[in-house]
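Report on one structure; see the data block that follows.
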C-alpha cells in the first residue's frame, strides 16, 4: 500500500502535480546530525530541470528547492525532511483541448478509468515533473552514502534510437557525462544523437533510448534474499520512471544466449580481496552485491507526446484527430540520467542501512 | 524490511531451505470463505517439481503440499494459510566438498560475507527449491482470480540459448505449452531446444534463455502510481526468481529504437470498448493496466552449476579447481514457467485487491 | 519503519516542526472522485488551534489549511493529498534559554541522545503543534466515512485532575460537547474544571485528565486478528498523542475486578439484529467490532511545561534551576478532543477499507 | 496489512489454529550467526503451556518447539526461522455443541460476520493457543537482546480480581516471580489469589486481573517519533493479547490526577549519568526511552468461557441457554506472564535494531 512511498528505512513520499502549487517529497528515516549541502541537491535538480538546452521542452522552470522541515541549520535532525519545488510556469489553458481526449500511449485512459476523474493539466500526477522530488531525495541520499561509504553512482545515455555506444563504458563520472549535451560519453555518437533529436523535434516526432548506469565502491552484502534482492529493488525503482519498458543487469538479455561455462564469473584473490575475473553478473549474485561494479541498463520508449497527427478517441469513445501542441521533450533521456541516479541512490542507501541490522558482529 | 515477504494484501512469507525439513509459505490476507481446490495447487507444483524428465535434475522430489492452517474443509477461513512441502530426498553428504568454496556465479560468497555464516547444503536458502512455496501461493492466488475475474496467466519458454520463437505468441494456454517437453509452443524450435539441452547436459554445461508471459482478461485500472506501478511490481517479482537478469514489457528494449509515431498505441472504439489498435505498450500505460493483454519477457542466465572444470577460490581465498558433481538442471527454463506464472498471479491479485479501495463509487 | 507515517491504506505522513515554515500532512491512499468540504476540515482545526480561550496558550495561530496537491476543484483525484498549516507566530528567541537544558518530563534529553542534535524551538518535532496535520487528515477521513457509513466519532473531556464525570456519557455530539468551554458535557463538572484550570494557570502549574470517546454506527467486522486488532490500533493511535499515559476500552481496568459471569455480554435478537444486552466489551470482541458502540478512554499527564520553579540539569549534566516562561496550555485536554477524534477516524477508516478485501462475497 | 505479522525488522508472522496440525511462527529479519539456545526458548514455552497446575485448563499439551528453518546447528543463518508447536491433544468433538452458537464475549459472532465462516474448534484462530508461537519468538528475541544489551524484562501478576499488590514491585526476576504458583511476588496476596481462583473454578466462574512489567537496562533513545513511539508500540503489542482491555505506562491513569509540579520527573547527575529523581513517566518521555526502568500495566478481563449458565443466541439469532463444558482457565493471568514478556521483547528488540540506523556517528 502507500503507492506514493518508496524505500523501507530511508523512505520517500512523493506528492504534487505538474500544474499545482508544487511538487514535493518527504523523506522519513533520515539519520540525525548529518551535514547536508543544499547546493549539491540543487545541482542534481539543475541536471533534470527543463530548459537546459534547445533539445528539451521549452517550459522554463528554475526548480529551486525549498526544504521546509527536518533540518536545523545545515544538519538533519532525524525528523522528516520535506522538500518543495514550486511550479512557476503553469499554463493551464494549454490543456483544455485535451482534457476530454485519451492521448495514445499516455495514461489518460488508465487514470480516468481507475479513479473516475483525471487531472488533465500537464498530465497531473502522471507528469514526469513529479520526478523532481525524487531527484532531490536521491541527491540527499547520495550525501549520506558519500559520508559513510565509497559508493559512486554514474548514469549516462547509452543509446538514442539506433545510435548506441559500442561497449558499455566504465569509470565514468558526471563531469565527463555532462561534457556531452545529451549526456552520451562518446563524441561521435553524441553528435549523431544531437542531430537525430533535432530532426525528431523538427518533424514533430520523438525518440527513445537506453540509459546505462554503473555503481562503484559498493561493498559486498547489499540486498536481501529472497524478495528484497538488490536486483529486484533496482528493477522496481527503474520501472517507476515514466516511459521505462525494459531493465537488465550485467549482461542482461544477452547472457541468456551464453553457456554456463561462458557466463560464469570465476573468483580470484586480488591482493587479499575476492574479485571476479569477469563481471557478466553485473556485480550482483543471488540478489546480493558481490563487491564488483554494478551495471544495469534501462530502456525508455519514445516520448508519447508528439505533435504530428494521431488518431484516438475522446472520453465518449468518439474518434478524434489529435494535433498535440504543448511543450514536450522530443527525447527524455538526457534529463532522465539524474532520475536514474536518484532512484539507484535510494535503493542502495536502503540496502546499506538494512545491512546494519544483519551482521551484528562484523568481522 | 521483511525481505522474505511479498505482496501487500495477499502477502506471502517464504521460509525453509533446500535440505531442511521443508520449504514453505504462509499466506496472509486471504479472503474468507473461498473454496480452494488443492489439486489445482498440486498441479502447478507438479509442473515445477524436479524429475519431470531426463532434461531436469535427477533429484526426485514429489513435492506434495501439506496445508497446515487457514482452511476449514475446502474453504478459507481468513486465517493465514501455511503450506509445507517436505524435503524428502536430501543428500547432505554431497555438499561437504563445496562448503568451503565460493562457486562461480553462485551466491556462496555473497551469503557468507553478508551473514558471516552459510548453509552449504544444496544452496540452503538460495536454492531455487524455495520457489516451490511461491508456486503453491501463486496457484492459490489464481483460484481467487478465477472466481472473481476473467484473468488468465500463461507463460512459455520463448528461447533457450540462440533458439528463439520468431514472434511473441498469444492466445496460448497451459495445455498447449505443456505439449512441449520444454514448454516451448513451436514444435520445431522446441525440438532444437531439447537437443541443445541434451547436448549441454552431456558436456557438463548449461543454458539460459527467455520466458515469455501473457496475461489476458485483465481489467483496466490495475497498478498504482507512482511507486506501485504494475510494471514495477512485475519487474520486482520476476527479479526475485533466481538467475533472472533481464525484464521487459511490451516491445521492451526494442521500443527504444522506435519513433513516437511508430511506438504509440492509438485508441479505437471496439463495440463500445476502448481498445488500442496496436499493443507496443504491452497492456500497461502510466504503470496501470489498460485492458489490453499484458506481455512481458524474462531473461535467465545459464545455470551456474556446471560439471565442467572451473577455477575459483576457497573461503581462505586460496585458488581451487572445481568439479561440481551434483544434481542440477542443465537448463532451468522449462521448470521456471510455473514460477513466472505464480509471481505474476500474486502481483495481479494484489493489484486487483488494492483496486477495491480506490474507486468506491464504481460507474 | 517510517515512524512518521500511520495507517496502512489511508496512510498519513506527518512532517514539520513547531517553529519551521509549516506543519503538514500527506495522505496517500485517498480514493478518487470523492467530494471534500474544506470548511469541515478547517472546523476541526479550529477546535484544536491555540488561542481559543484564555484557558489555552497565548500563541495565536489561525491554523488555516492549504491543500497543495491531490484535489481537482473539490474532488479527490486519488493522488496524495498534502495539507500545509503555516506557522505564523514564531518567536525563536523565546527558546534560547532552554536550548541547553533538559526540561523535566519533556523529550529534550531523549531527542538529544537519540539523534545527537535537537531542535529547541518550541519543542521542534516533539511539539503538540504537529498534531494539527493529524486533525486535518482525520477530518478528511471522517468525510469519507460519512459518505459511505453511519459511523460517528465523538470525544469529550471526561475528567481533569480530580473532577470527573460520574458516568461515561453516550449519545453525545460535538455541538453538545462544544457547549462547554472545556468540552466536558456536564455543566457543573465543566465549571469546576474551568476553575481548576484557571487556578493552575495562576499558580504556574498544570493539570492532566481523561478524554472519553464513543464511536457509533460501526458495523461489525472492523479490525483484523491477530496483530491488527481494532483495539490494538486504537491503543497505538492514542499513544501517539503527546502526554498520553493510559488507554482502556469498554470497562477497561475496572473489568479486571469482575467475574466472568458479571463481565460477559450476552447476545440478544433485537428486531433481527444481534445486539448485546450489556457492553462491558466496549464494542470490540476478539479485536473486532461487534456492532455495539465503541467506548474508550485516554489518560493524559499534566502538561510538562510549568512556570513554577523546577530543578534539572543542562546538556553538560550540571544542575540548573528552571523557570520556564513560554506560551503553554495549563491543561491540554480541551484542545486534545479533536486530536483523539482524528486518530480514531484514521484507524476506523483503515479498518473499514481493509474489510473490503476480506469478504468478497458479502451476504 | 498483513495482520498476522508484527514488528518491522525482527518481524514475526503467526499462523495456525487451536485444533489444526500446529501453531507456529516465522521470524524474518533475524541477524546472522547468532548462537541460540533452544532450551531457553522451551523454558518460556513451559511457563505458558497449559496443565502447569490444577489452576489452569486441563488440556495437556507439552508444547515442544520444532525449529524447521533458519538455523544451522545452533546458529542463525539470517534466513527466516520457522518454529512449529504441534497440537497433540485435540478433541474436536467437544465443540460440536457450540459451533452454531455465539458465546457471550467471545469472538464467535465477530469472526462469523467478518469472514462468513468460522472455525469452531477451540476458538480456531482466536484461541489463546496461538500465543505459543509469540512466546517462542519473544524468547528468541530475548537471546539477541542478552548478547548485545543489558536489557531484562520481567512481568508478574499484579492483581487478580480485587486482590492486588500494594505497590508496584521492582528489581524482580523470573525466579522470584515463579516462586508463586500464580506468579504474584507477594506471598500473602499470592495465597489469596490462589484461593480465589480455586473458588472461581468450583463455581464455574472466572477472574480477570492486572499484569505488571518492568524493563531494566534499557538504553536511552529507543522508540521513534511520532507514530512509532515506544509507548505506542508497547500498547499495540499488549492489546494483541486476548482479553486485554487496558494498558498504562508509568503512573498511567493515576497521573491524570496529578499537577505538573507533582508529576514531572526532574533530571539529576548520577555519577556522570543523567537520571530522573522520580519515575512517574515510567521510563518513556516523548515516546522514547530515557534510560530509567520502563514500567507498564496490562488489564485483562475475566475469561469469557465459564461453565455457569448463560443466555445467548445461535447463528439463526434464536435464543439459547449455554452451558459451556470445555477445558478452560478460570484465570489466564499466570500463564499470560510470559506472553507479556514475549511481546515486550519483540517491541524492544525492534526499537533497538531500528536505532542502529538513526545515529550513524555515535559519540
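Each chain gets a letter, A, B, C and D, in the order it is written, and its residues are counted from 1.
In this text, contacts are C-beta pairs under 8 Å (C-beta built on N, C-alpha and C of every residue); 3 or more make two chains touch, one makes a residue touch a chain.
Not measured: the values here are computed from a predicted model.
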Shared interface partners, meaning chains that touch chain C and chain D: A, B
Going by the average position of its CA atoms, which chain sits the greatest distance from chain C? B
Between B-D and A-D, more C-beta pairs in contact link B-D
Chain A and chain B, separation of their C-alpha mean positions in angstrom: 26
Euclidean distance of C-alpha centroids - chain B vs chain D, Å: 39
Roughly how far is chain A from chain D, centre to centre by C-alpha average, rounded to an integer in Å? 46
For chain C, write out the residues touching at least two other chains, lowest number first. 1, 3-5, 8-9, 14, 29, 32-33, 78-79, 111, 114-116, 125, 225, 358-359, 361
Taking the touch rule as given, give the residues of chain D at its contact with chain C in the complex, in rising order. 1, 3-6, 8-9, 14, 102, 104-107, 109-111, 113-116, 125-126, 130, 159, 161-162, 200, 205-210, 220-221, 223-229, 231-240, 242, 244-253, 255-269, 272, 274, 276, 280-282, 285-291, 299-306, 308, 310-313, 317-319, 354-355, 358-359, 361-363
Along chain C, where are the residues that touch chain A in the complex? 1-5, 8-9, 11, 13-17, 20-22, 24, 26, 28-29, 32-33, 66, 68-70, 72, 75-82, 111, 114-119, 124-125
Of all residues in chain C, those that touch chain B in their complex: 1, 9, 29, 31-34, 78-79, 144, 148, 225, 353, 356-361
